[in-house]
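Consider the two complexes below, in which subunit A is the common component and subunit B and subunit C are the respective partners.
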Partner chain A sequence: MTEAMVATSASGTLAPRRRFMLLRRLATHRSFQIGFAVVLLLALAAVFAPLLSGLDPSAMKVRARFKPPSQAYLFGTDMFGRDIFTRVLYGARVSLWVGLVVACVSGFLGAVIGILAAQFRALDALVMRLMDALMSFPAILLALGITAALGPRMESVIIALSVAYVPAGVRIVRASALVVRELDYVQAARIAGASQLRIMLRHILPNSVGPLLVHMSFVFAYSILAEAALSFLGVGVQPPTSSWGNIIAEGRDYATQAWWVMLFPGLGISLAALGLNLLGDGLRDVLDPRLKGVG
Partner chain B sequence: MTALVSVQDLTVQFRTDRGWITAIEDVSFDIAEGDCLGMVGESGSGKSVTALSMLRLHAKGSSRIVSGRIVHAGQDLLQAEEAELRRIRGRDIAMVFQDPMSSLNPVLTICDQISETLRLHQGLSRPQARQRAIELLDLVRIPDARRRVDEYPHRLSGGMRQRVMIAIAIACRPRLLIADEPTTALDVTIQAQVLELLRELRAELGMAVLLISHDLGVIAEFARRVIVMYAGRIVEEAPVGTLFRAPRHPYTEGLMAAVPALDAGPNDEPLRLQAIPGRIPDPSEPIAGCRFGPRCRHAQASCHAAAPALVSIADGHRLRCTPRSGGSA
Partner chain C sequence: MNRLIAYKIAQAVPVVLLVSVLAFLLMLLMPGDPAVVIAGEQASPEAIAAVRRSLGLDRPVLAQLGLWLGHLAQGDFGSSLVLNQTVLSAVAERLPVTLSLTGLSLAITLPVGIAIGAIAAYHRQTWVDSLVMSAALVGVSIPAFWIAILAVILFCVILGWFPSSGYVPLLQDPALWLQSLVLPAGILSLFQIGFLARMTRSAMLDVLSQDFIRTARAKGLSEWVTVGKHAFRNALILVITATGILLSAAIGGSVVIEQVFALPGIGRLVVQAILARDYPLVQGVMLIYGFTFVAINLTVDLAYTYADPRVRYD
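And then the complex of A and B:
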């Protein structure tokens, strides 16, 4: 496909920038389209939550307990008579925010540490053993320990999950940076008299982060799941602030009487995870063949 | 005549599972201003190691420079500070590699990559560097430079990319250009064009060129003087005419004989390709005496006893071989 595009656009007057070509290929990728649409929809719903529902997510109405989904309560109400639709919308803010921040923080740290480890061999052994140690704990267990130590707050969840997901990012970036640093153009940059820092930032980093971007989209999804799990276990985001995880946790005791309490936040989690995974698949497909088509 | 760069007794070792092995040993040669030196030898004979060591870009950790001096402008590069080396790399001594397909960063435009050297060494502003990049692309005969300058490497052919590499290398008007197999990855017509370009640029810019190749044809066409490397050592150095007309080292003779000929031999039989018997020695196993000894047709007992030294046998002609009894020497 790349070949064909190059051939057709070669006759054009202006060379399209490479970045735009990547974007165009992303835009025509089916699973990326679907994933992007799902994630965008959820994000918009979270951002415009106050417009979509006029209710207060914490407002209780004892007479309206356990109302099944209806015209008045789209997703029904919980044991305090709170509107589940509103709570799921506001919960999306927390869940998506945690996912986004964790993906960005762990991705950034992964890139920095990974590049440094690849570049400085002395650092490599130490850093990688540390990462191995972190990786030897299951992510959720590690996060559970950290949140327990830091106290159950949203910030603790973000810190805990970022720490838990950094090692994988480091490994990914280090692996591709080790390949890239031996390539001729990096050697060429050295011969041109470029400094270490310049080589790392300008030549190695941009050519090593492709796999990390894909990984970050998955970390985003994992973090939403993990935040839900932590909140469900009670060490995550605390009531009355709603997150998808603690809405499910609160609904657990009444699962047989009021299935809707758990269903809708659960659907939110599934949709977000699905959308992000589809988006990540699209990213992977577009970033991978680059090496074949261009290299 | 003072040398632009003088390599003296350079010895470089590589680390392997079996300890340090010597990749090149006692390599000495001079390159004068505007000189055009060719370096031939088979794969693994130490050509690229020599070139990279000259800029102290040998792989750190897995290789080491054991001894030698590389004198440039009165300064020994092997003793220089890293910062000082960075100023010399790209500005005074530049290099072009074998594989143009992997020598350009795929995520930067041609303009970015040419500008990098210019801005680093000459402190040009972005628009100035861009203007200069276009001029350089013109200089290396890339058509429509104004448009090409904003393209990414994957849109250029191999020959074009090699021209871009050359443009980057000559951006700061280096005194010495090291071209490590610059035409090997290109097809024959493009090879000729790139060589022609190098020749013209050398004349225009007055820079010295060290051309490394395993292709005798390329060397014959381009170089003025030739160094022949074998198993990490210089075995012969001579002006190009002398070397091709009257090679003195048995290895050089063998190389010349191994060039495929198109003419038929006597009785209209096609000439058989002459091969040198044996293989290049394993560098981890030391050889007593001459390294080429085991493969040499003229080897005598004395050849296996002591390694011959590189001695000057005529003006500009150096040879590492014991005089043959009764032969031409």
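And then the complex of A and C:
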């Protein structure tokens, strides 16, 4: 009893300090710094797109077709005379939004399903076989199939990619939950009469958050790449709404004459994915040191 | 060993069944009445009713599922609405292209990715390591279809080294076959090389820090034998798993690459089927993909158990 009390009070005072330490270690982690700066910059550019460019992303100007990058048109113009800089800014809104929502939704569902599967063993076999079935597909193909059924829209892309990335999250959370639920302090909580819900939320979930966050930052990066690929193929976000993927698709036919149309959105995708991968690497080194350096 | 194989195969059976059910559900997800979509907006009510009857859409969902599974059990994956072909023959026709592309890509990825990862691990925390790992990170961050278009402009349009599109069968002319596929396969490999290099590096680091490596060094084995033989062989076990992931990822990536290079493979088939709303074809091809991936995973699982005797089923 005294032991338990000592443990609680000790963890009570240690927890905030430990969290603070993690934040400090994150703040000094080189690749996290770079990744965070890149992602923040892109996010700000997306949010403040209307302020950064006074133009309408779909305003056409026939006389200004295929203008190369210049002072007036920073990234040049496309076959309809639309400003590529503006389109890339507004495309960032779509692409980053899709990535963010997919990371959050798949992470949330992964946590819920993963913990339930670990806690209620009867569910486990069925859920995990279903996850195996979903996971046997590469995400891009699974998403392709689902968007084919749901129709080419941004919402379909979000749903499709969320479904595609849930199984990996489930596996991560379930794996750590299976370890944690056997630990002494969880057993102690159970004996002390803690409810199933309290054990899941208060004791098991916090231990899975680290690996899950790392996973989510990579899912964010993958989703941006996948959304771009789907929109490029014509099954994702549809014109006239600009997304990085469909600007490239539109610029592709004129790539030899007007290289700038497809160059800049591609740089946007690469930069966003690179930033998120760096950020994820940093998060992993700090939150999940056992996995240091794993691809 | 035989028991183990039987166990693994038995475990794959429900997954195969689930994949089939998922492919069936894909059809149900379709917005609107599938019969109207398939028959066309202008079709007469009789034509729509005929389509509905021929597809069994007028029956209850469970009966439809039974029918679908029954057809599958007889090897009937359905027929394309547009191509006037069965799904199986459409896929078989395009299989060589996709196999060539993914096979060649894997042949590039494996040696390059492993070598890069091993070199980085051996020179850990030096400039070699950071250079190689930065390159690997860039490799997994650049969209393949974008770099593919840029590569077409550079190598095909400006330099004229490769044809920008099209495919020549291997048996027809091996040299042209290689020439038509080197660029797409190389681009497809970029992401995979980055992925494999990162994976190999961490596996090598893991092995290099173990006791038996210290022992090997202490007893005076040459560095080459220590790293090349003792460490590398142990890290290779992980490569088996990686190969499975890479093969699946290459098939996934081939969908986009085939589209950019206009290669008449399965990936291009499925994208065109989606754009043409040829739903039975989409469904059939997805199902074949699913079976392929389950088979790949099963093979990897078995190879892994064979290569590392410590792995036994739980």
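Annotations
One rule holds for everything that comes next: the second predicted complex is superposed on the first by the 272 of 295 C-alpha atoms of A that agree within 3 Å, B and C clash if a C-alpha of one lies under 4 Å from a C-alpha of the other, contacts with A are read in each partner's own complex, and residues count from 1 in each chain.
Heads up, the rule we're going with is that a residue touches a chain if its C-beta (ideal position, glycine included) is under 8 Å from a C-beta of that chain, and two chains touch if they have at least 3 such contacts.
Please read these numbers as outputs of a predicted model, since none were measured by experiment.
Contact with subunit B, but none with subunit C, is seen for A:A189 once the two complexes are overlaid on the shared chain.
Touch criterion met: A:P206 reaches subunit B, while subunit C stays clear of it.
In the overlay built on the shared chain, the residue A:L141 is in contact with subunit C alone; subunit B does not reach it. Applying the stated contact rule after C-alpha superposition, one finds that A:A43 touches neither subunit B nor subunit C.
When the shared chain is aligned, no partner comes close enough to touch A:A64: not subunit B, not subunit C. Set against each other, subunit B and subunit C touch different numbers of residues in subunit A, with C touching more. When the two structures are aligned on the shared chain, A:L116 is found in touch with neither subunit B nor subunit C.
Shared interface residues of subunit A (contacting subunit B in one complex, subunit C in the other): 293-295.
On the side of subunit C, the complex with subunit A involves touching residues 14-15, 18-19, 22-23, 26-27, 29-31, 136-138, 140-147, 149-150, 152-153, 157, 195-199, 201-202, 205, 248-249, 251-253, 255-256, 259, 270-271, 274-275, 279, 282, 286, 289-290, 293-294, 297. The residues of subunit A lying in touch with subunit C in their complex are 129-130, 132-134, 136-141, 144-151, 221, 225, 228-229, 232-235, 245, 248, 252, 255-256, 259, 262-263, 265-266, 269-270, 273-274, 277-278, 281, 292-295.
Across the interface of their complex, subunit B is touched by residues 6, 10, 14-15, 17-18, 121, 183-185, 187-195, 202-203, 206-207, 290, 293-295 of subunit A. Subunit B contributes residues 55, 57, 61, 85-91, 94-95, 97, 99, 101-108, 116-117, 120-121, 147, 150-155, 165, 168 to its touches with subunit A in the complex.
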